[in-house]
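Structures given as structure tokens follow.
Two complexes follow with chain A in common, the first pairing it with chain B and the second with chain C.
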Partner chain A sequence: MVTLGIFSAFTPQNVMYLLGGLGITVGVSIISVILSLIFGSVVGIIQFERLPYFSKFVGTINNVIRNLPLLLIIFFVYFALPKIGIHLPIFWATVVAMSTFESAMLAEIVRGGLESIDIGQFEGARANGLSNMQTMIYIILPQAYKKMIPPIISQLISLVKDTSLAMGIVLAEMTYRSQIIYAQNSTYIIPVLVAITLVYFVLNYGLSLIARWADHKLA
Partner chain B sequence: MSMIEFKNVEKYYGNFHALKNINLKIDEGETVVLIGPSGSGKSTLIRTVNGLEEIQEGQLLVNGFDLHDPKTDMNRIRKNVGMVFQHFNLYNNKSTIENVMLAPRLVLKRDEAENKREAMALLEKVGLADKAANMPSELSGGQKQRAAIARSLAMKPKALLFDEPTSALDPEMIGDVLDVMRDIAKDSSMTMLVVTHEMSFAKAVADRVIFMADGEILEDSSTKEFFENPKEERAKQFLSQVADH
Partner chain C sequence: MALLQNNFPTFMQGFGYTLLSSLIALVGSMILGTAFAIMQIVPKKWVRKVGNVYVQVFRNIPLLIITFFFFLVVSKYVKMSGFMSGTIALMLYTSAFIAETVRAGILSIDGGQMEGARANGLSFAQAMQYIILPQAFRVALPSLGNQFINLVKNSSILAFVGGLDLMYQGNMIAANTFETFSTYIIVGILYLIITLPLSYYMQHLERKLKHAA
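And now, the complex of A and B:
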């Protein structure tokens, strides 16, 4: 009976267990969002600046990463790196894999955003005496980020969703824990999946509301 | 002392020879107008003076520094050489007064109160005091260009470059911008190099006129001489064409 499942699936113990998973999901997401925003911006700017050799090199690595499945990168960091002596706890292995992949995705958005800025903005600033760095910080990046907010947020939403891939290395995040719970009793499947569906929806819809607010506020 | 000096300067875009053996000397305080048909290299020439375009051969001395020398610090040149563009290039993310105040604050480390006072005085001078808080998108073309001129002046440059400053403006906006430029030209210490199609402005303000065609300087004469008695056939032809308008 499904109705029976609804009541018995959410014992205090199961709810706490799921919330713990939510904590891990949110933890991985927040740290990965921050890291990938930083590294994605740096990589995007390096590609945009067209530095001899270096930009090409970074661009090539970026291209390779973007064209791999995220799950493969997670496996790489968690299973392959220890073979060459780099041991990461499962939480941090997930963070490193997610941040690597999302940085590459965000770098493309940042590069595209920078390229959408009129060359006149650079020339005006450079002719006005600003250094290259000052031009980027005060003139170009603020204008570019304004344009980049919607694609960046949609990328961050997929980051939050993709944390569930870490169940592939048995990280006890929310989706994995829900599986543990409904494995106890098949009547739990629907209520538990519906519950985590709602949680993911609220998380990501919240993000898109922030995006809409920021877009409206800055536009 | 010469403020800007070209010595045998050559500029290429790939195979295209954009500037051919340019030799030109502009003294401190001089107002020089650069004219010629489109594609003649006027804009390219003026853009080499603050390093927006690189030269491939020759020497280009600005305020005593050689721009072709890789050791020359371009930021230092640009501190002393302002530029006004055809399409204004105001900072779209900054208000009018912030456009004027930004470079003095960042580059010259000018005291904030003094910076604001000077910026307001400049906006007053170009007739935009009431637009100080507006964003560039809220200004008309003529107002944008006057704001851009105020932005350049705020750096107290020794030289100002104008790259077709009125070409993108509606006809009724041109007069105000030219008035502001005339005012600046009256300042005897300011060196001005102006690319323009406004012949009346050239006649009234320029000390000298340079005529270019196909990447070469064909004529370099005093204003009076150029308009009354042009030597080159191409210059005569050009003047008769623009005179119709």
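And now, the complex of A and C:
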């Protein structure tokens, strides 16, 4: 029975269907990582700068978001926001939820990266006549980002894995589509689960190899 | 508020199951994670390989798929509830991350400690148990705490397999009352009651350790 499943589960149609899901998984991941890099950097820098009240306020919101389950944020964006008049299509609801959560995670990484830069770098840049802003952009951020590449990639790995949570709101990404396929025939369960496990593994293990390479190269 | 009052027992049941699942998974993943961390540094090469493969596999696949594997496949042969399959998956998944954290902790301990212990006649296992691990855990404590916070958050995965946890009950209440907004806010506050104090404590610990170093 199981062998039967292995051969008949992967009809060209089913394979294409799963690959389409992979496309959505990758699409959500890429858009979310770009958005969260931007927002995460802004929030991280705000926290690092210790502006009176404002930094504390942003930091608290950041802590709250970081400590909530992503699944809850996804449900909240898709099911609760329409109550206050914000209707998002399913794909964008996922992107908004994931970007919000990942921005909070990345903000911590950015803050940590900035704090790891020696204070002498600031003093030296300021003493050489650069403004605060220039110091940040030309001296501090390039060094900080170099250090942050490995943790940012591991965050990207979690992001790819976490897109599977979006099946909770019936986004047709890969995990959801696998369920559609094995719902037709229970002998498909094992082969289909193994197949998508392999796809996720190859994707994420590849990313982790890049992270290790970057770590090695930059250290 | 009326929503909270009317559904208070359900919220509390969910809260209880979330805590229970997290605690079971925490204890299990600490034991497993430490075992796999040690496996990755013992002298025997094939043992290191096995430990490494385990960690890489579980770190790189979604928790949801591990959960489905137990819920749909394993439960055919061994009877288990959604709660059990979710908790076991959570335990295995987290153990891979704990293994990495503990391994980093062990590697941060000076090599002379192991050599000194061995030179004083302790076996590898004894040196590990009495000399290396106690120091390694101290170093790894903040990261272990963060892993526990992730574990509590990830326990929301139980909602997918009818695990009766906070997220599951929240979805039920939201579906029954249509009060999605307030329900999810309450669910969020209940999660924060567990995770936020832990998170602040870990930040405090991290700062303390940094100053000590």
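By our rule, the second predicted complex is superposed on the first by the 214 of 219 C-alpha atoms of A that agree within 3 Å, B and C clash if a C-alpha of one lies under 4 Å from a C-alpha of the other, contacts with A are read in each partner's own complex, and residues count from 1 in each chain.
The rule is simple: a contact is a pair of C-beta atoms (placed from the backbone, for glycine too) under 8 Å apart; a residue touches a chain by one contact, two chains touch by 3 or more.
None of the values given here were measured: they were computed from a predicted structure.
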First, second, both or neither for A:R66, with chain B first and chain C second: second
Chain C versus chain B, contacts on chain A by residue: C
Partner chain(s) touched by A:I189 [first = chain B, second = chain C, both, neither]: second
First, second, both or neither for A:N204, with chain B first and chain C second: second
Partner chain(s) touched by A:N128 [first = chain B, second = chain C, both, neither]: first
First (chain B), second (chain C), both or neither touched by A:M167: second
First, second, both or neither for A:G120, with chain B first and chain C second: first
Intersection of chain A interface sets (partners chain B, chain C): none
In the complex with chain A, residue positions of chain C that touch it: 56-57, 59-65, 68-69, 72-73, 149, 153-157, 159-160, 167, 170-171, 174, 180-181, 183-185, 187-188, 191-192, 195-196, 199-200
Of chain A, residues touching chain B in the complex: 118, 120-121, 123-131, 134, 138-139, 142-143, 146
Chain B residues touching chain A - in the complex, by the definition given at the top: 50, 52, 75, 78-79, 81-83, 85, 87-94, 102-103, 106-108, 148, 151-152, 155, 161
List of chain A residues in touch with chain C within their complex: 63-64, 66-72, 75-76, 79-80, 82-84, 157, 161-162, 164-165, 167-168, 175, 179, 182, 189-190, 193, 196-197, 200-201, 204-205, 208
